[in-house]
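Report on the following structure.
By letter and in written order, the chains are A, B and C; residue numbering begins at 1 in each of them.
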Amino acid sequence: MSAFVRNAWYVAAWQHEVEAGRALSREILGTPVLLYRTADGTPVALEDRCCHRALPLSMGRVLGDRIECGYHGLQFDRAGDCVAVPGQIAIPPGARVPAYPLVERDRFVWIWMGDADRMDPADIPDFHWLDHPDWRSKPSYLHIRCNYQLLIDNLLDLSHLPFVHPTTLGEMGVAETPAATERTPRGVRTTRWIVDRPPPPMLAKLGGFAGNIDRWQIVDFIAPSAVILDVGGAPTGTGAPEGDRSRGMSNRNLNAITPETRTSLHQFWAQAHSASLTMPGITEGMHDQVRTAFLEDIAFLEAQQKQNEAGPGAARIDINADAAHLQARRLMDRLREEEATAAAE
Amino acid sequence: MSAFVRNAWYVAAWQHEVEAGRALSREILGTPVLLYRTADGTPVALEDRCCHRALPLSMGRVLGDRIECGYHGLQFDRAGDCVAVPGQIAIPPGARVPAYPLVERDRFVWIWMGDADRMDPADIPDFHWLDHPDWRSKPSYLHIRCNYQLLIDNLLDLSHLPFVHPTTLGEMGVAETPAATERTPRGVRTTRWIVDRPPPPMLAKLGGFAGNIDRWQIVDFIAPSAVILDVGGAPTGTGAPEGDRSRGMSNRNLNAITPETRTSLHQFWAQAHSASLTMPGITEGMHDQVRTAFLEDIAFLEAQQKQNEAGPGAARIDINADAAHLQARRLMDRLREEEATAAAE
Amino acid sequence: MSAFVRNAWYVAAWQHEVEAGRALSREILGTPVLLYRTADGTPVALEDRCCHRALPLSMGRVLGDRIECGYHGLQFDRAGDCVAVPGQIAIPPGARVPAYPLVERDRFVWIWMGDADRMDPADIPDFHWLDHPDWRSKPSYLHIRCNYQLLIDNLLDLSHLPFVHPTTLGEMGVAETPAATERTPRGVRTTRWIVDRPPPPMLAKLGGFAGNIDRWQIVDFIAPSAVILDVGGAPTGTGAPEGDRSRGMSNRNLNAITPETRTSLHQFWAQAHSASLTMPGITEGMHDQVRTAFLEDIAFLEAQQKQNEAGPGAARIDINADAAHLQARRLMDRLREEEATAAAE
């Protein structure tokens, strides 16, 4: 069984990372991928391994719409077909590298590395907050040396906030308040309302809350790669739990998780906000606070990965807060099993 | 068959390394171990791996007598039992981590990681020199990337002194004088008297010997982890070989060897002396000379480990000086075999 | 089947690297080798692993004609026989380390690590340019982390020059001109004439060519380790293709490739020239240009090695320019198979 769900859209890059004339190399689902943009602006993704002598094509040059291998000068077009071999006229049969369909949406470049007949751009998860005039965010990226499932676990169980992020997002009410978990058509949602509690440091600082707040954390996992957090708070008594967030601060923590290998991942993320759009430095400040928290997570995730590798058979117990990510793991296992079964038929 | 003798006491730490309020992590016999001290001064050893999501507990906080996991805030008591889970009242069944018995003796914290019914503190090797008013020493520690048996070999065969340690402990008489080997109730003893020879650099410098000396090296290996060297010298003709060491300098080189993994170890050591206790700097000076020698050993031990890994099947010959450590290896093999047999029954 | 052809002469070192009184350690064909020179100037090669406790003998001292192990002082003579053990008179039976025959020729020290009855110094490839009054060169060395076959491929297919070495050796005519390949008694020869084209940067700079030139590249692979390139150019129309090189510049790029492990190699090389012997700095300048190019190759070779290790089963296509090294690979496979068959008999 593959370590990854393959019939899915994954973020390969932020749009601005893929440029005309420049080769970008990034390993995705265990495969080296070359990304560049043609002269007309179309993004291209090819396996980053020349079919001749296996060199990374990204060591070569982008020549207009083509990539030229840096070793012997073979040229490939955007479809991955070899179209020129120096010193000979005929192109050898089979001279091509795999090309992967891309879709640009919501500032992301999405890649499809699964079966062609399963591909449907309608399946791309909605990240409209990244590219909507009512919202603002700063695109960000982190590389983490752990299995992608550990990060999904982390984002689906925010009870870790007061322990791992005491200076930014943490407040004991989060761990003490149970969350409700439900299945969604393509994933899992977990909802927690922390009512009449002090704001965590970040909301106190950037939300300008003086007294207690009602805080919400609605986490949507859309398998296999999107985790969207609807998070924020409003002064207690202003009606947020009943649906009126107008006095509060509402943010979206947006994550696209792309496995690099079995033991490492790309986290494309942003913290989007719709309030205080005219406040100087608010977008940057919010990004920096969340980045501080994410760096704390990385220390834990990578330590967890090391322990899992050192003692994979260690017995474990589950706690109530695990409900959401246990469901997510069951879903992911099922998706991978279905693909394995389909591949075997 | 395990790579280690498990039914034995090993030094986990120097007493002063284990502090109240501070988590110390150390891998022992291939297992990560957390060490801390409760408010009343009792040392605690737990497996350094949370039973929930495998995080090292040492990444969390010591809260009085408990350790709190840094990820989700589970708390464990000194027995390894989970006693608090944030956000829920019931503790999940089986929520515990292994706890290891500890005994503090002779400035060491000794750990038992074997079968509970085999444990007997009377088996702890005698290191009273570390904590006796007639003796003085400086506690020291070295980490070596080799199998622990290589260090036992090294300490049981001092014929290497003139070659590896020419500026401190080495003098050709050591290699040219045969040693006598005998079995002891729990180990191997090797005895060498080097009579009427110049003192090695360290003894010349710190022992104040002008002429030739009679030098003794009595090495006791107490399986599986203690190597105690009774070493020193006295002016030739003053009767040391006959039992009168009163004119000489008598030291103890004390080693507790704790396997970290199959290919690395902890060496807890000290050089204890009873002479010249009022001489300024003597303890430090003696420590520094021996440390210089031990660092030379490390270069050889780690090179030997690399060669063994590169070519484990390489043929080898033995020499007379190997007698003691060959006996020690046979003893260690037998102990490990007995444990394997007992485990299989 | 061994990863190496063993019944062959390989360069172990440049002559000047092997000195009296100094131990040089170098891994060759996966075996650690100690090199030193006796007092009378004879070079010695022994396995760099003491037969007693596996220590690298190179960590010890060269004492005249002998090497003394740095750990316990065993001494070995130039034949690898143990001739002294401290503290005992009898030498243990079998106390010896393998010794390897060496031949000094053309400034190289050649080593034989194969079957004794197959050894014949007449088989040493001719590198007389290194030590001939009509030629001058600077001895050089590179360590490359790739399988040796990748470097042989590289040197037998110079169509990569315009892509990998545009500032030194590259000119598009090389890639556009087909080469002729032929088998030789002990290897493969490939010949390319690039007629009436601009000189590449290095020849323009150091050869003083103003206009177009006729450039030749005659590459001789002598299995398994020598690659000798007869390269140069002459002004177009002066008759070089017909055999008159008197108006041109003729160089020899000389390579002895010695596998270190399956995934790394030693490249002993020099750029020899016979023209402009009195021009100041010409030898150094030529060396530096080629070294710049070889460093560019290393980046590609090591990237190629990594890709091969990551995806060994990746499909590949061949192009016309591969003809020579495909023949070389077939020859090498045959040589290794013959050795495997002989060993099995």
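Here, a residue touches a chain if its C-beta (ideal position, glycine included) is under 8 Å from a C-beta of that chain, and two chains touch if they have at least 3 such contacts.
Here the structure is a predicted model, which is why all the values come from computation and not from measurement.
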{"item": "Interface sides of chain A and chain C: same vs different residues, half threshold", "value": "different"}
{"item": "Magnitude of the superposing rotation for chain A and chain B (Cα, nearest 5°)", "value": "120"}
{"item": "Length of the line joining the C-alpha centres of chain A and chain C, rounded to whole Å", "value": "48"}
{"item": "Set of chain C residues in contact with two or more other chains", "value": "none"}
{"item": "Partner chain A, residues of chain C touching it in the complex", "value": "153, 157, 159-160, 162-164, 172, 175-178, 299-300, 303-304, 307-308, 310-311, 314-321"}
{"item": "Chain C - residues contacting chain B, complex", "value": "32, 49, 51-56, 59-60, 68-74, 82, 85-88, 92-95"}
